[in-house]
Each structure stands twice: as C-alpha cells, then as structure tokens.
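One structure is given below, encoded as structure tokens.
Lettered A, B, C and D in written order, each chain numbered from 1.
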Amino acid sequence: MTFHRGRTSSLASGFSARLIIVIVVIAFLAAPAMWSRADGPDIVLAGSDSALVSLAPVTSLVAADNTYDNGDALRLTWVPSIDDRLIDSKIIGYRVYRLAGTGEPEAIADLPPGSNQYLDETVLRDSVYSYYVSTLSERAEFPSNRTAVISPQREWINLDRGYLFLIALAIAGAVIYYVTVAKRGKKLFVRKIAGLEAIDDAVGRATEMGRPVLFIPGIHDMDDVQTLAALTILGRVSRTIADYESKIFMPVARSLVMTAGREVIKSSYQAAGRPDAYSDDMVNYITDEQFGYVAAVDGIMVREKPATVFLLGAFFAESLILAETGNSVGAIQIAGTARPAQLPFFIAACDFTLIGEELFAASAYLSGEPRQLGSLKGQDVGKVIAMVVIMIGVISLTFAEAWKIEFMQDILDRLSVVFSTN
Amino acid sequence: MEHFALWLSAFLTLGILSFLYKDNPWYKLSEAVFVGISAGFWFVTLFWDNLVGKFWDGWQDEPMLWVGAALGFLMLLRLVPRIGWISRWPLAFIVGATSGLWLMNYLASNIMVQVQATIQPLFSTSYASGPDAGWGAIVGSLVIVVGTFTGLVYFYFSKEHKGAFGATARVGIFFIMITFGASFGYTVMSRMSLLIGRIDFLLGDWLGLIN
Amino acid sequence: MRQLVPLTITFCVGTLLIVSVFIPPLGDLERTFTLWFDIIAVFAFFLGGGNLLRVHINKLWRRKKDWGFSIVTLAGFATMLAAGLFKIGNPGDIATAVDAPGSMFYTIFDSVVVPLGSTMYSLLAFFVASASYRAFRAKNREATLLLLAAFIILLGRTPFGLMLTEWVPDSFSLLQIPNLAIWIMNSPNLAGQRAIMIGIGLGVVSMSLRLILGIERSYLGGDNA
Amino acid sequence: MPDVGVMVPLVAIFGGLIWLLVRAIRGREVERRVIFIFIFVAVATPILFPITFQEHATPVVKDLFDRIENLPPGSTILMSFDFDPAMAPEVQPMANALARHSLTREHKIVFMCLWATGQSLLNTTLEYVIKPDFPHLVDGVDFVNVGYKAGNEGVLNVIVSDFKKMFPTDVNGVPLDSIEIFDKVGSCRDFDLILTVGGGRPGPKEWVLFVGDPANVPIGAGVAAVVAPQLYPYYPRQVIGILGGIKGAAEYESELAQTHPRFEDMEKPGLRMMGPQTLAHVVIMAFIVIGNIAFFRGRRGRKTE
C-alpha cells in the first residue's frame, strides 16, 4: 500500500474536471428539449345552460393513464359544473363512479365542490375501466357523460426523473471516473484531515497507558449510512489496534450492529495476523433504548477509564452526555456525525471532530489506497457543480428580479425545473 | 400501587442524578434496572411489531417475505463456528440496501434541495416586512450565498488550503463555527426545560412542595 | 470466495435500489427491502439478547465485580419478556395490543423506563453548562466566533438582551440583540448548515458508491483477507 | 416583593459567582461539579419561589397575537395538538394561551390532533383551561373536539379539500353535519386561521406544506425551541407568527394579560418557567465569562513561567 497524501497534484486532472463540469452544465440547460411533453387536456369552458332546478354536470371529463407508474393508477380531469362558480352554489360536491369492464357503476370517491381532478389508485393493470362524475346537490345527482374505456399502462422508465438521473450520473460519474483514473496509477492529491491524522496517535496512547479504546458507533441501526461509515472506519481503526496490541471495547445499541461490528473486528485481527487475540467480548449489545444505552456507556466510561474514545455515527441528544463524560475521564476523543444539530456539542467537548462529509470520507482517506482517494476527488467535482449552479442561479435571479431581464428569468426557470425533486 | 410507582420513579430519578457527583451503587442499580427492562421492552416490541406484525401476518399476501426470514436465519448461523461466515450474506444485503437507498435520498434531499434553496436574489423589493427587514435582509442573503459557497470550499479535499483558496476555505470555516455557536446557544434553552420538568416532578409531584 | 459472494450481493442489491428510482415497476422494491431488513433485525436480536444474557450470567457465575447488579438486569429483562410475550394483565385477551394501557408491560414501561429516560435526558442541562464553561474560550479566531455567536443567541433568549440594547434606534433595529439573534439564526447559521448538508450529501453518494462497487471493503476485513 | 426564601438562594448564586470570578482572575479553574450545583440551584430556586420577569412580545409573537385579536368575533379557528408528553412542558402553555385568547375574542375553535399522544394533552386543555375559564361555553357550539386520526401528512392531504371526510364526527360521535360551526366549514380553506402547536413530525412544517400553501390559509405556530429556527424561513409569508419555546409562550402570556386584564391572574406557566430558564442562562453566561478570564490569566501565567 502506498500513501500519496499531501504531495502530488496534476494539471491534467484539473483540466478534465473542468471539462466535465462544462459538459454537465450544458447538458442541464439543453436537456429539457429532449423530453418536453404537453400536460393536461385543453381547458374548454362548457357552454351548457344552467337550469334552475337541475345542476349542470361536469364537462370535458377525460380519463388518462397516470404517467410513470407501475400501471396501477388512472387520472381523471374535468371542468367543474358551471353552477360551481355561483356564489351561493347548490353543489355539495362531486361523486366519481367507475365501471370495471362491462360491470355496474361503483361510487369510488366523494369530492368537495371546486374539485377538477381525481387520481384512482385502486385499478389493476390490464383491466379496462370507464368513469363518470356526478354533480351532487342536496337531493339529486347529475351525471356527466362517460369517458372512453381505458386501461392503466405500465411505464418502464420514469422520464419525470430525467434530471435527477442526469445529476446522479454527473456526480456518480465523476466519482467513478476518478476511481479509474487513480487505478491507472495517476497520483491524486488529498489534503490533510486533522481528526484522521490523530487516529494513530490516539490508539498509540491507549497502548502506552494500558487502557482500552472505546468505540461508539452511534445509536442507529445498520439502515443508517452513518452507521455504515462508522463501521468502515472501525475496519481501519481495529486494524491499527490489532497491530499495536491495544484493547478495544465496543458497546452497541443494536443487535445487527453488534453482529456486523464483530465481523469487522474479527476480519481486521485476521488481516493483522493475530486471529487468536480476537474475542467476541470486544463487542457487546446493551439495549436498544436510547438513554438506557447512554446510562450504560456512561458507566463503562467512568469504570474502565478508556484512553481513547471514538464517537462516530448517528447521534442525537446523547452526543453531549457521552462526550462530556468521556472528557471527564481524560480520554482523547475523536467524534464525527452527519447530524448538523449534534456537531456543535462534539466540537465543544471532543478533541477532534469529523464534520459531516469528513465522516464519510474518513475510511477512504485512512486507506490511502489510490482508488479510494480517487473517489474523494470525484466528490469534489460534485462540489464544483453545486457552486457553479448556485452562482449562475443567484446572478440570474438577482438580475431577473431587479431589472426584469427575461433571459435571466429563463435560465432560472430552467434551473428550478432541473433541481425540482418529486 | 400508584403511590409505589411514584416513589419508584423518584428513587430511580435521584439514582441517575447522583451520577453527576460520581459513579456509585445507587446509579449502578438504576442503570441495571434501566438496561434490563428496556432491553426486554425492545425485544417484545420487535417481536410483536416486526416478527408477528410484519412477517407472520403478511407472508400469505407477500410470499417474498420468506426471503427476509431466510436471510435472518442465515444471521443465526454465526452460532455455528464452521459455517459462521455465511452470516456475512445478510450483512452484505443490508450494506447494499442501505447504500443504494440513501445514495438517491441524499442526492435529492441534501444536494438538490439545498442547492436550490440557496438560489435567492441578493437584493429584492420583497424584503419589506419581517424581523430582518431592510438592509439586514440584503446583508443576510449575501451572507447565505457567500457562506454556503465558502463552506463548500472548506470541504474541498483535493486541493491544499493555501493562498486565495486557503483564505476562502478559512472564511468557510468561520461560517461553520458561527453555525455551531448559534445552534449550541439555541439548544441550551430547550435543554433547560427538560431539567425544569424533572425538578418539577421531584419537588411537585413527589414531595408536593409546589402548590 | 468468502468475499466474492457478499460483494456480489451488495453490488446487486445496491444497484437495483438505485435503478428502481427510475423504473416504476421496481418502485415497490424499497418497501420490500425495508421489510426484509426489519425481519432480519428481529433474528439479530436473538443474538443480541442472547449476548446480554451470556454476559450477565457469566458475570454472576464467576462472581465478577458488581455481579449483584447483573441479577437486577437479568430480572428486569425476564420480567419484561414475560409481561410482554404473554401479555400479562392486558385488558381483554391476547389479541389486544401489547402496550395497551393497564397492562403490566405498559405500567412498567411508564413508571420505570419513562422517568429513567427523561432523567438521563435532563443530565444534558448540566453537561451543556460544563461544556460551555470549558469550550467557549477565545483561543483563536474560530473559537472566538463560536463563542460570540453562542453568547449573542443566549442573550437574545433572555430579557436582558432587549434591556441592553433597547436604546438602539429602530432604523438599526437589527442591532438589537433579540433581532440580531434571529438574524444570525437565519443567515450565517443557515449558510453553514447548507454547506454542511451539501457536503454530507456528496459524502454519502461517494461512500455508497465505494461500498456498492466493492472498492470499500474494510468492513469485510480489508483488501487482502 | 421577593421574600427571604428567594433571596437566600439568589444571594448564594451571585455571591458564589463573584467568588468564582475572583478565583478566575487569579487564574484558577472551576471543577465541573461546582457548575452542576450552580445549575441545580439556579433551576430549582425559581421553581420553588416563583420569580417572573417582564416580557415584551417580539414581532414574531406579536403578529400572531394581533391576528387573533383583530379577526372579527365568530371567526373559526382550527387548532391542532401535535405533540407528546415529553414536549408538553414547553408547548402546552402556548396551546392554553392561544385557546384562551381565541375564546375570549369569541372565535369558534375546532380542536384536533395529528399525534395519538396529543389527545390526552388536548383533554387537559379542555378540562383545566376552557371549563374553568369559560364555563358558559358549550362543547359542540362554541368549540368542537374532533380528536385524532392516524395518517400524519395523509390526514392533512385529505382535510385540505374535505374536512368531514377525515373527521365525520366529533369525539362524542356527533356528526359534524349537525354542528353549526361546520355549516361554514367544508375544508381547511374555510378556516380563518389555523394554529398548530407541536415540534416534531408531522408538525408546523407539514401544516405549511400540505395545508397552508395549497389552501392559502394563514398558519400560526407554537413550537419547541429546538425546532423554531427551522420555521423562521417561512415567516412572515407562510407562517404569520411563531411562538418559539418557553420564551415564546411567556411573551404571549404577558401580551394577553396586558390586553385582556381578566387574564392577569391566570396561571402563566410560560412566564413561570422563564424564571428558571433565565437564571440558568445567566449562570451559563457567567461561567463562559469566568472560563475566559481563567483561560487568559492561565495563559499569561504560563508565559511568565
């Protein structure tokens, strides 16, 4: 394994990064033409006469396939009864009827006055349906014309998420691109991260003092990425611990994390050539209850007096309780979480804090392996994209608002389409 | 019975508070009670909600749930040393599922939403009301844009923080520090109300000193 | 081989979930996988709970330090299991919810776990104070900013904030401490939060990719195990 | 007139702080257990011997107060209890003050919950605030309790267009169609104001996104202090006013007592809790100052050594 931290940089990689950014930005701005669609039926105001005794039915009722689903929904749109626009309207609502195949009409929904659409999510693919909508008064119903028969269609690709796909492709593509670049032997520069540089010393200190290292992987289960990040770091840390012949202790709040943690430490000890030194007692399940776990860990801290404490993963209100107790027993503490609300407490009470992104980058950084460092470089491309988009957006919005420049407004509209998430 | 529960609550509450002085048998007792009972509580909850509620009541409609149960069973093979390594399979499934799921979620909710939210005019006529009207709003929106931008520069990994780039990154960390200070200061308030609640319980509900 | 199978599983499952976002027929996958996860978690608890029993019985058996407390933990665990699995004292029959009010399970939870939890939580008030005393020191420029921001916010949340700056004319009302506190929350604070959140997003994307592609395998014992 | 009971601990706290300050000037650090004692005394004293401070409503609070004050009598207000017992000490005072204010202005209130745990807290408000303070008001005429429905945001999605579809009856089983308030109310659009009290999810944010924005109804929020910053971006356009934490409650209570003298003697838990809160804040700020003095003295001492 070779370490390339803090040394090489290269002109060429900078150039290709810029190239990617330019291409991506152009792609965002040009793409909408590729899948612009006309939405919704034409709105035609019905000219039916508004009788006094009877209410006008709804008009322009259209049943259409709901787009980009698994063929399990149909969308109805209509123009509300003309009587609905009167101030003291007699309409109390609308009732949607469905006919499956040639069957009997079945009321499937009651809607308030003013409604003009309904999404029927109780249909089956490959069945045919038709609909009509009744205008309801206190006493009677006034049905509309029936729609044509229709059956829900399944779409295989969600074109609404085209931009999400492009953005994912851009960022993931950048990561994968730099991973391959690094694999081909190109040296990539990664700056120093203080909290991670400190890990070796912190473990060494535990060895010298003859006290254990305490590793707290947060209180969430394996379905939280922060826990995964903690476990990848555990892989590196426990390897160092095995090499230094220190002791590690890892109390956990979830059984799955216990199993995974044991697996990780065991593998690290095997890789370090000391499989005999591993024992299942290094990792113990305490309880799933947030503060029950905290009570127990606090107890462990004051009784075992660890020399080094790692607090990495998903933390909530307990962050400060744990960090302050660890501080009071004189441990060196290295913390990291992706929860912005808890970071200030770690900053206040720990020696080193991995802020958000640094937590996820930690394992790659510690590995020093070219491919992993390449992925960090790829992440940076994502940052550049974000910064460029913010700049373009802010400038165009400012100009569009202050001087009413239409061209800027167009750019802005395009950006908000690209970045809308649904 | 109610009387007993009240005294028990008070006894355990004081046991936990005694930890502030130092570790002691009273705290150890409260801790032991807490760990044992809460672990049992969670097992029972998981048993009824997940195993019975989600699996046993659901597999007739969704036979695929048996795959989940099979993966769970593989997990138990850890107890058999010779084939214990098979328990890595369910773990691998979980790692894959968590990664795949959150990759797209974070992309949408953390990156795209936040980038879009940062796009705001540097000055606008609409800042006429509110607590930060007037020039405060102009400075405010400038600060948001500059702060987000420089903050991102701080997180930049593949460039040494030197020169103009380093100075920008330093502005970024200034903003991050203000953020931390502000959140810390703000949180102090609601943390106090928790303690007020507990002391209210001890002095009021238990000792009846408050009327 | 022992690494190949897990890596393949991770790759397939991860890729499927990413792709499912764009392919409606796979839209249900997320729910299915989450259900599987929940079921696996119960099986894992047999290991976790088993470990809890093993540790404490071991402590008791060998008369290790503080073994007396292990009896309490074991008794608490067993009581809760019995009360919950057999639904002791539940109003109605076995079909009612396990945590129905009035059941033994609910009563124990309410009079033991709830007060213990909120007391543990309230310890925060003390630790917030001791941490502020130690951490908010003007050691350097960053720490000074941290201190100032916290101090202004704290002042702004007490009546003194207004008292101190009531004389400031309304045209500079932003400089009145309560308003300044709100401004800090809304502007510089928001900016820092945004940068952190975007960074986290990118970090997650990159780490997830490393895991799915099998580049990151430290959790399986590193590169050569 | 503060009595001896208050004075002794107060003198002890401030005397102690001054003693620590003197020690700090000499470059001595404070042990954390000393800090703990100070915090405990600072919180416990005002609980035992209530100390209240004068509060002025800040614009965020005043805006909501004025809206309720200026709505024509007989307006309909929807009030949702979206919190649990853990959050109650912080937000229930707001709910009580808002309910008192609305009813005294003769508005009609519809009570509901998005949290199952909100029901018992809603009952507390009905039982201990509305019954004693407004004995002449009739359930089902002047206010209605429709209770809780499961479904979180889903509930909001339905009631934004059809209230009775989600809540066909009130908690007593009386059909809403037979209740006069609901003659005018078909959906959330028909309320003159929506008040949401809570702090988790679903909470104020969901009310804004799922009801306030689509239906264009003004929303006022009472929230726990931790959540308030996340809500400020919606003010003043989407949320017309915010009560944040105990301080927000205290401001509202004092504004209410000033405008409507009949409430001068009511229980003001927000103001009562501001005492311990403020004192604890002062102690923490004092410790920050003491810490810095000790730090600079200590550093100078080290340099001269």
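Just so it is clear, a contact is a pair of C-beta atoms (placed from the backbone, for glycine too) under 8 Å apart; a residue touches a chain by one contact, two chains touch by 3 or more.
What you see is a predicted model; the values in this text were computed from it and never measured.
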Of the chains present, which has its C-alpha mean closest to the combined C-alpha mean? B
Contact-count maximum falls on chain pair B-C
Chain located farthest away, centre of subunit A as origin (C-alpha): D
Interchain centroid distance [CA atoms averaged], subunit A/subunit C, Å: 17
Please report how many Å separate the Cα centroid of subunit B from that of subunit D, as a whole number. 23
Per the C-alpha means, the centres of subunit B and subunit C lie apart by a whole-Å value of 4
For subunit D, jot down the residues that touch at least 2 other chains. 32, 36, 39-40, 43, 58, 60, 225-226, 229, 245, 247, 277, 280-281, 284
Taking each residue of subunit C in turn, which ones touch at least two of the other chains? 18, 21, 34, 37, 40-41, 44-47, 49, 52, 113, 116-118, 120-121, 123-126, 128, 130, 132, 134, 136, 146-147, 150-151, 154, 157, 182, 185-186, 189-190, 193, 196-200, 202, 204-205, 207-209, 211, 219-220
Expected list for subunit A, residues touching two or more other chains, is 164, 168, 171-172, 222-223, 225, 228, 256, 259-260, 263, 286-287, 289, 291-292, 295, 340-341, 343, 345, 347-348, 355-358, 361, 376, 379, 382-383, 386
With touch defined as at the start, can you tell me which subunit A residues reach subunit B in the complex? 6, 9, 164, 167-168, 171-172, 188-191, 193, 222-225, 228, 256, 259-260, 263, 286-289, 291-292, 295-296, 298-299, 302-303, 340-341, 343-345, 347-348, 355-358, 361, 376-377, 379-380, 382-383, 386-387, 389-391, 393-394, 397-398, 400-402, 412, 415-416, 419-421
Please name which positions on subunit B make contact with subunit D in the complex. 20-21, 129-131, 183, 186-190, 192-193, 195-197, 199-200, 203-204, 209-210
In the complex, subunit B touches subunit A at residues 16, 19, 22-23, 27-28, 30-31, 34-35, 38-39, 41-42, 46, 75, 78, 87-88, 91, 94-95, 97-99, 101-104, 106-109, 111-113, 115-116, 118-125, 145, 148-149, 152-153, 155-161, 176, 179-181, 183-184, 187
Okay, in this complex, where on subunit A does subunit D touch? 93, 110-113, 115, 328, 341
Would you tell me which residues of subunit D are touching subunit B in their complex? 33, 36, 39-40, 43-44, 47-48, 58-60, 89-90, 224-226, 228-229, 235-236, 245-247, 273, 276-277, 280-281, 284
